[in-house]
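Labels run A, B, C and D following the written order; every chain starts at residue 1.
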Amino acid sequence: MGNLGVNFYESASVILFGIGFMNLLLQKNLIKKFIGLNIMDTAVFLFLAAKGFVFGGSAPIIVDGITDASYYVNPVPAGLVLTGIVVAVSVTAFSLALVQRLYQHYGSLNMDVIMRKMKEEEH
Amino acid sequence: MRETIQVILIVFLILSAIGVSVTKNLFMAVIVFMGYSSIMAVIWLLLEAPDLSITQAAVGVGVDSILFFLTLKKIHQIKGTEEG
Amino acid sequence: MEWRMWLQKIKDWVDGYTVMIDADMYIANRKRREKWDWRSIIDFIYEKDLHKLHNTLCVMCCVAFIGVMLLVVNDLPQYGNVNNPANNEVSVRYVEEGLEETGAVNLVTGMILDYRAFDTFAEANVLFLSVMGVLFLLKTDKKNDDKQQQMVRKKDAEMEAIEQKPIRQIGAKYLTPFILLYGIYIVINGHISPGGGFAGGVIMGGGMIFYATAFGKEKMEQIFTFRSFANISVGSLLTYFVCKSYSFFTGANHVGWEVPKGVAGNILSAGLILPLNICVGLVVACTMYGFYALYTKGDI
Amino acid sequence: MEHINWIHNLPFFSIFIAMFAILLTAMFRTAKMAKRIHMTMMCIVVILSAILTYHMAVAPETFTFTMGHYPAPWGNELTAGPLEALMALVFGTVMLLSVMGGWVFIEKDVLQEKQYLYYIMLDAAMGAMLALIYTNDIFTAYVFIEINTLAACALVLAKGTATAMVGATHYLIMGLLGSGLFLFGVSILYSITGHLLLPQIGEAVTVLAASGQYHFALLIATAFLFIALAIKSGLFPFHTWLPVAHPIAIPASSAILSGFVVKGYVIFAIKLMYSVFSVEFMHELGIIDILFVFGVLGMVFGSLSAMRQRKMKKILAYSSVAQIGYIYMGVGLGTEIGLTAACFHMIAHGFTKSMLFLCAGSFVKQCGNIDDMDQMRGIAYKNPVAGIGYTIGAMSMIGIPLLAGFISKLYFATASIFSEGKMAASLLVLGISMILNALYFLPSVMAIWTTKKGMQEAKRANISPWFITSIVLLLCINVGLGVWYQPVIELIEVGLQLLQK
């Protein structure tokens, strides 16, 4: 169990992933579902960025010409997470627009109520 | 010193994540989610990734919350009652 | 009596003369079986409130999921020590040769816009497609929207007229130029200081949203209509597309003219990275404002 | 300007032309221009893929195209081999024909001023599919999976009705769950191997597998990747979103969705299995057996629930779940022949299922958007083209000789004979599911050809010439595949061998 104490960022991100996952599955309200989805995404980004950190490394911006690798943190995860954050925002915006359209027609945010109303309309 | 700050921030992060899923009131959930994103922005700083902290601060607190508030306004729930 | 009918059928089958079922009968039989359709069972679950069992099962599976993940984290390389597998020759080269190969002081921007530019191109497309998706969903034009939307539109217009927004209006009047200036600073200095196209774009988008909330639709429409939105975002995506396909094509076939890197550190350096940053910043700013405008008034 | 090998640039050109079509359509923003741009783009992409496939058939080789100036582990990369080229050609033709057949429905169902957005989503789905097939970088694959999810979700809700919205929410939630898991798998894989490009990850994984270091993390990372791809491709336990989303979409998009969007993820799973985690390592992890079991369950339960359905499009959606089960069973057998059978079935299913969805769509439109088999009694006499298309498509799915479905079933049978432990299970299930296939397709075929006594005559359907050409072309391809399957099978086998090295 030694590593859990050292890798505390990764364990925190795993717990957040679990919370977001639980939110996504159990929440009835659609907006809460998508907040849980956002928490899940940020948890994965925390995991990825924490993997890039190096003790004693500074931000990957070259300071007065030192280009020795041990001075800086690993830039690759930072790049990936930057892309990921903007993907998460655009997907949240798309899903919230979907939620608005659902509310306009069904008047409710509860997924079970929506499913029941849809079935009634079908028959 | 840095370790303690990081542990405190992570505890706040997990508490606000649990807070979001527990609150009945949608309006409160979005505000707590704003807090969650701002803590996240600070954590990116401690992880030596300044690009991420600027983006997370601008995106998480700025745009995401605006979208959620506008959806709540559209859903006439700005009063924050949990609707059926 | 169901089983007696079955028994009769088996006897007929055994006796060897097959009863020619009429096609209508066969199709009709399928209708009778409708009553214990799976969907009725699901309704049964909801009525009998068995979905509490469903919730506990979900919680158990999530807790097991977290347990497995914690075991994985326990098995992963240590946080922060130098000789992690992630700090191999790939990231060392990004750091060591990053400056003279891409000319960008900020290695992350150099990596995003030069080494792995294909991801960022796909990224800008994700943004553009999400606005198109939201446009698909929320765009309502005044001509043919139904009664309910007209009522909502009328209520918003009244609210807009009577609503006094002194703080926001004064704040917007004085603050928005500085917000936009700050956003432009971050985009332009993307390859020197932290930030870059994405962060600066979101800040610029936020500034435009702030101005739009304060002064409402008509004022904003004088400056920023759907045509200008489409022109800016498509134009910047096109410049990104042209620059990157040129550099991909020349890079892959080792042909063509190399874009000069300039002196590292001042603004007009780092080859193509500055124009690319500006394009990405513009796309992000227009997208963020587009989301806001579509959410409030259903049209950019 | 020394010699540029133009053949090596073809994957790069086809992806960027598809992406360029998005921007071009966004510039004109009118339905007519959007349709023209989309059609020209599709023809160019199909021609380019045809040239690439022909070149691969003549001189099979796998080449990598480095995007930008930096070689392998630093910059992005595209690889192309015979399998990828063939799949790009097949999916290009499936897309071209289903959009050509679906014009009538697009004009009627999608709002006039929003049709250019629909074509933008079609271009995006095509671009993302090509990039997913050709890419050699796992993070690029993640971003293009996101594009695929957004575009497919927009295709599902193109009709704008409320049920389409509910279907789209189901699709979006499951899709985002899948891509979240995929990103988690990618980040674990990156943290233990340090690379993002598939061949480099492969080398690092072989070293790790030998040394046994980080074994548990490697197991969970591969499990996450394959669960995510299973969720997104609608494998059995995660298939709940497919029967809700696909039937509601308009015929053109449901043909495209189950025709090839679902299969792009299976191809990426095969690429992962072959070039990253070698098949023996997958055996050792046991993931292949789990895929096999899920595939087998998918075949049986997909067909069982399809038998129960009253609506024709729901039957086709559940039959898609069953056919995805077939493909994963082929992948799960682990042998080379199993994979050839799975790839051939992807091709056969792509052509047949898009034809079936188009015909079902025109039936539904003919009897006033009521999708109930009872209303469609004897409709095929009034709509002969769709009737013949549906019947031959159903025959091909059941596996009547001289049609593409038969060949894939044949190869599945041979593959299951040669697989050691799984022979009994797969042969038994193969037999059962073939019967179940017949049991859920025949009632619908019987319904459209036999008129009910008391029912009034159905109206004569106004069929556009484009619909007829696309159905006829799909029929010819189906029969053609059924008869001249030899070159296609050889190309797949050569492709798989090259992919393995």
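Quick note on the criterion: a residue touches a chain if its C-beta (ideal position, glycine included) is under 8 Å from a C-beta of that chain, and two chains touch if they have at least 3 such contacts.
Predicted model, so just to flag it, every value in this text is computed and none were measured.
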Going by average Cα coordinates, which chain is farthest removed from chain B?
D
With contacts counted as defined, which of the two, C-D or A-B, has more C-beta pairs across the interface?
C-D
Compute the distance, rounded to whole Å, between the mean C-alpha positions of chain C and chain D.
23
Computed distance of Cα centres, chain D from chain B, in Å:
38
Round to the nearest whole Å and give the separation of the Cα centres of chain A and chain B.
11
How many angstrom lie between the CA centroids of chain A and chain D, rounded to a whole number?
28
Residue numbers in chain C touching two or more further chains are 69, 72, 75-76, 84, 86-87, 90-91, 94, 106, 108, 116, 119, 123, 126, 129-130, 133, 137, 194, 196, 198, 291, 295
Check: chain B positions touching at least 2 other chains come out as 49-51, 55, 59, 63, 67, 71, 74
When you check chain D against every other chain, which residues touch at least two of them?
139, 143, 146, 150, 153, 157, 188, 190-191, 196
Going by the touch definition at the top, which pairs of chains touch each other?
A-B, A-C, A-D, B-C, C-D
Using the touch rule from the top, collect the residues of chain D that touch chain A in their complex.
139, 143, 146, 149-150, 153, 157, 162-163, 165-166, 168-169, 172-173, 176-177, 180, 183-184, 187-188, 190-191, 196
Residues of chain B that touch chain A when the two form their complex
6-7, 10, 13-14, 17-18, 20-21, 26, 29-30, 33, 36-37, 40, 43-44, 47-52, 55-56, 59-60, 63-64, 67-68, 71-72, 74-75, 82-84
Chain B contact footprint on chain C (complex, rising order):
106, 108-109, 186, 194-196, 198-199, 202-203, 205-206, 209, 288, 291-292, 295-296
Residue ranges of chain C touching chain A (in the complex, touch as defined)
39, 46, 55, 58-59, 62-63, 65-66, 69-70, 72-76, 78-82, 84, 86-87, 90-92, 94-99, 105-108, 111-112, 116, 119-120, 123, 126-127, 129-131, 133-134, 137-138, 148, 193-194, 196, 198, 264, 284, 287, 291, 294-295
Inside the complex, what are the residues of chain A that reach chain B?
8-9, 12, 15-16, 19-20, 22-23, 27, 29, 31-32, 35-36, 38-39, 42, 45-46, 49-50, 52-53, 57-61, 73, 77-78, 81-82, 85-86, 89, 92-93, 96, 99-100, 103, 108-110, 113
